[in-house]
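Listed after this line are the structures, all set down as structure tokens.
Look for chain A in each of the two complexes below; its partner is chain B in the first and chain C in the second.
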Partner chain A sequence: MALSLESRSASRRDTRRPAGPRPVRGGHSPLARRQRRIFGPFLAIPLMLYLVLFIGPTLYSVYAAFTKWDGINSPTWRGTDNFTALVDDPLFQEAFWNTLLILVVVGLGIFVLAFSFMLLLRDMKGKGFVRGVIFLPHIVSPIVLAIFWGFLLRHDGLLNALIVKLGGEPVAWIGPDSAFLMIMIAMVWISTGFYVAILMAGVDRIPAYFYEDASLAGASAWQKLRHITLPLSWDVISVAAVLWTISSVKVFEFIYAFGASQGTMPPTYEWNAAVFVYGVTFGGQTPQYRFGYACASAVVMLLLVSGMVAILRRAMRRDAVQF
Partner chain B sequence: MTRPSRPGRLRRSISLALGLASVLAVTACGSSDSGSGSSAAGSGEFTYWSMWQEKEPQAQVIKAAIDSFTKDTGVKVNVQWHGREVMKKLTPSLRTKAAADLVDQSMNQLGNGLSNAGQAADLTSVYNLEVPGEGKKVSDVIPAKYVDYLKDKEGKPFMVPYEVTGEGIWFNTKENPTEQPKTWDDFVKLLDAAKAKGVAPLALDADNTGVAKYWALLPLIRAFGSEGVQKLAADRSGAAWDDPKVLATVSKVEQLVKGGYFAPGYNSGQYPAQQNLWAQNKAAYILQGSWVTSETKTYAAPGFEYNSVQLPQIEGGTDAVGVNFFGFGIPKTAEHADAAGKFVAYFLNKSRLEGISTKADNITPRSDIAAPPALSSLAKSFQDKSVYPSGAALGLKFGGWEATAFQPVAQSLMQGKASAADFVSQVKAKSIEFWKTQG
Partner chain C sequence: MATSTTSRPKVLRPLGSTAVWLFVAFCLFAFVFMLMSSFKNSSEILNTPWSLPTSLDFGNWGRAWTDSGFGEAAVNTVLLVVTASVVVVGVSAPAAYALSRRTGRLSGGITMLFVIGLGIPLQVIVLPLYSVLAELGLIDSLFGLFLVYVATHLPFTVFLLTGFFRSLPNELEEAAALDGVSATGTFFRIMLPLARGGLVTALLLNAIGLWNETLLGLMFIQSTEKYTLSLALIGFIQQQQYSGADYGALFAGVSITIIPMLLLYLWLGRRITEGLTAGLGK
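Up next, the complex of A and B:
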């Protein structure tokens, strides 16, 4: 019953090949010839756009990472100095560490919650509504959410008002030790709905009779998760994990809107790599225009994400189960 | 005639494209020439990108001047109200042909974005222009002690200010009438008096990196002078931080943190919660920039009367006052710099610049324009005392160092995470690290 994805597509290719003469090939018909001629220009336009708007700037950023560049004048070559400076830069170390915390800790939080919701929601009435409610924060602008989060957690915020009303002492939710934790919790809150939606799409495909059969055999909820849900939605889970890895590194708006005030940068204990890039270029009351340096940090993060994605893909590679 | 070979066709199309491009280029030049009307009489128009949003009072004042400038001189002003991000938007065009002939921002923004990048026009000629209707030159109405800090490394001015701000210890005269404290002990006595009244002595939004930094930086400036602090910053060996005076100064600040002088929640709030709390008389003093007066206006308790003093001199240091500037700069590649310069001189006329004080509630650089009442003590100290560039110009001269080695530690000190001794050792260590990486 189970076939690997590769062998399936291979077999499809095999069955196709002998199926009669191919539709006219290699410019025998005038239509095909014209199609072939137009193929070039049609490909060229998106390729050009892609090159100019995406590949070009990316390559330039990689080049700029090896230069001293203020974003205005010509870059001057600096070799690997930017990278060695990054290693010693306490701001980058902090931002890098925070980025990893978001990637790993928030990622785990999201997936644990998403799986729990998945189990709860699978056979719950009104699951569409609940799914919508969890998904909601993902639609709202992160800036609005950041303002709300601050409104809730600051010293004179809603939560402390409630605590005081109940006779307690105000809690320092966003003090120097706890502010980043609160940002991480907010990230979980914002992103969980999105991943629940993706995972549920995978889970909804699983025919109900597997679960019925398992129930008859006396399987527990955990066993059903382990032996039915996980294997049958594995490809969706691995895609979701890759999506999170990529998007976690790009978190910016929420942190900036949550931490920055009056044109200043957020406190450095709230920085992640994306905020770092802004902080050493345009950010703050006295922008530093260190574009070469910022590019170097972006290259480091790009390498990190590429590495993480490669490892994830490898670690999560399974033979897809057909059902 | 035979059909041209492929390379021939290619060459032909290339030459056609080149021809077309040159025609376009020529027409482009032509149109811009005719548009600007560049001639001996000067440009007939210029483009101004503003740091203000159109509805802000400063924008209203500038707009009124633009309208009368066009009426008086016939020079058209293409104005775009970009807001605070104006330099970010202007940067990409600076090198080839600046998108704006005139731009305004703070000393730090124009200093780093134009002057330090070598993209600022030399404004000496603007300082030599006559202010229309006054028979005085621009350099006569802008005090030389201000212009000293608005020059590049070669001594050429890159900015003409129209608004001056500064920091101070702010209070409500009605609740806490205060004379300038002479020593740190005098200052602490003031705070103790407030404590005795049952009011929190100091408000501080410690999450605001700019304000938190003041508390470490300004006392150091009061002890070492602005140039002394620059020397500390520039010391690659870090040894300068071992001067016992550094620790002694920072310890004074640490005592305020440890002594519970800051209002409850200063450490876990969000700007501007504490400054609003101060405006409601729930804290006696706040160390902030002069904009705190306009920022808190709508939150202030009824009858709140703003006034300010400076931090006391520390151990025979300086009593100079920090000044920050907002004003005009002209990019080096601006096409209509002449017209832009004329407008700058035109705007500085007393009757027009006055609006910055009367309508926008700010101090102007002209000593003959009265400051708004809330800022009059500060304005007087600008005139009476010697001045230094805001924040010892660390942002302009040692921006990377300040952001990496100083600011985070200063914030840590104010949040009670670092002691005075920690502060000294951490800034020293980070300074050494930082300078090591700067080739």
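Up next, the complex of A and C:
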């Protein structure tokens, strides 16, 4: 399939654009012809796998959002009923709100922390070591981190043990009012190191003589930040913002494992949208298998991500500074 | 370096450095605590969480490995991670090369299609995927999970490798063509060896991601003998509510899960951080 599409578009382009001053790659050179021949065979397998097991399911999910479906029998059309039901569902409202909290509040927390760390680390001793250690949470399973977080905060846990030793009263960290806040703090802890690494990779490319020139001209640290660091790392910051938007909506494992130690599913005040999908299908003692409903909620989140990414890209667009 | 000047408020910097070092200390503590607790028993972990283990007793490890199924899970995980990351890089590399060498509308469109996949949250695809796998009889099958792992990691791998192949100069192929090497031969004998660095990075990043993967396993695997390490950990936590707590074995299981990643990170840390961040800096 890929092959036939390919040759069609190639021939169309050839008739429309007779030989002109094009780069060698797309033109009529023998080299381009050779590379056109391997294009189909090289792409066939991955493209097929991707279409069948990724793009196909995505499109089907959008369709299933408008149906009643249990995953086994074929779906029956119900129009927009799933979406109106979602709006009225307190469980989904909670999950949606929690997702937004992770996206915005945790995102800002990570950004502020990562940006300050990056500024501090630029001229700090042992910055390689620091950068290496704070990246650690990113390479281990969120399940493991959730187990640790649970041990830290449970009633007879590490933090309370320390408080008692210092003569205080144990605190109920994991209650209905505070549990989600604790999850949010954990998210900041887990992700900061990763974003420090990204920001530093961007900032490290800024040539040192910019700062030397600025110092000679008598610029203050604030002016250097404002006129050198910020504009020249803007690209990286905007990529990081998009990346966080995408990954914040995917957060699942940590919440699931953190909450599931008290039952088969986390308490509903800890749910986010991804946990919601699992909760109304496979999760819990008596699974509900509401596939269509869950697909509708997933589609809402997909729209949220696309919207946010579009807004971010528009809002953060600047003329690229070449250096 | 050049940014430190005297005009910055003098209190801010020491305060900030202290915060950074506290953060570092907390990260280190978390890992030391988990590894240390794998040598303690439940009451020691709860009553004297801050103290060192009294002996280097591997009893917890033995119980976790055999009785709690972490051994079996480790074998499954290694098998899945190795095959899936090798296959995903193997099929992505030719695709990425082909995409990097053409500038037409079709190639641009396919590249875009893979990029879109980066932004689609997994919860969007898991349910239809479940019925596809059910149709194929691949629910509760490690091969089914392997297929899903490959498919879900294609977008990232193709994206990463396309960028990498783009950075290799075009002149190499021209020279190869003049020497009469076929296009396929050029790819396998010239471009692939040159791209070794990128391939290793892609392999490494996929392996780490797959080692820690949980959601897909949770959805598609049911029987305990097919559990991956993440699933075994979840199963262990949930079982404890009924069978009583054996925190020593839990942390032995945790250690089995994290130690391979920690070793990999100690060995190839720079490559991992750079791989994860380099493609984004552009």
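A few remarks follow.
Definition applied: the second predicted complex is superposed on the first by the 274 of 323 C-alpha atoms of A that agree within 3 Å, B and C clash if a C-alpha of one lies under 4 Å from a C-alpha of the other, contacts with A are read in each partner's own complex, and residues count from 1 in each chain.
Quick note on the criterion: a residue touches a chain if its C-beta (ideal position, glycine included) is under 8 Å from a C-beta of that chain, and two chains touch if they have at least 3 such contacts.
These numbers come from a predicted model, not from an experiment.
Once the two complexes are overlaid on the shared chain, A:Q288 sits against chain B while remaining clear of chain C.
Of the two partner chains, chain B and chain C are each touched by A:T264.
Counting residues of chain A touched by each partner, chain B versus chain C, the larger count belongs to C. When the two structures are aligned on the shared chain, A:R78 is found in touch with chain B, with no touch to chain C. Shared-chain residue A:P170: touches chain B; no touch with chain C. In the overlay built on the shared chain, the residue A:Q35 is in contact with chain C alone; chain B does not reach it.
Contacts of A:D88 after superposition on the shared chain: chain B is touched, whereas chain C is not. Legend: residue contacts after superposition of the two complexes on their common chain; A:V133 is shown touching chain C, with no touch to chain B.
Once chain A of one complex is fitted onto chain A of the other, the partner contacts of A:W97 are absent, as it touches neither chain B nor chain C. Residue overlap on chain A between its contacts with chain B in one complex and with chain C in the other: 71-72, 156, 261-264, 282.
The residues of chain A lying in touch with chain C in their complex are 5-6, 9-10, 13, 23-26, 30-32, 34-39, 41-43, 45-47, 49-50, 52-58, 60-61, 64, 71-72, 116-117, 119-124, 129-137, 139-145, 147-148, 151, 156-158, 161-162, 189, 192-194, 197-198, 201-202, 205, 208, 211-212, 215, 220-222, 224, 229, 235-236, 239-240, 243, 246, 249-250, 252-253, 256-257, 260-264, 273-274, 277-278, 281-282, 291, 294-295, 298-299, 301-302, 305-306, 309.
Chain C meets chain A in the complex at residues 1-5, 7-8, 13, 16-17, 19-21, 23-24, 26-28, 30-31, 33-34, 45-46, 49-50, 91-92, 94-95, 97-99, 101-107, 110, 113-114, 117-132, 134, 147-148, 150-152, 154-155, 158, 170, 173-174, 177, 182-184, 187, 208, 211-212, 214-215, 218-219, 229-230, 233-234, 237-238, 240-241, 250, 254, 257-258, 261-262, 264-265, 269, 272-274, 276-278, 280-282.
Listed in rising order, the residues of chain A touching chain B in the complex are 70-73, 78, 81, 84-85, 88-91, 150, 154-156, 170-179, 259, 261-269, 279-280, 282, 284-290.
Taken together, the chain B residues at the contact with chain A in this complex read 84, 87-88, 91-92, 94-95, 106, 108-109, 111-113, 116-119, 205, 207-212, 264-265, 267-273, 277, 395-396, 399-400, 402-404, 407-408, 411-412, 415, 417, 430, 433-434, 436-439.
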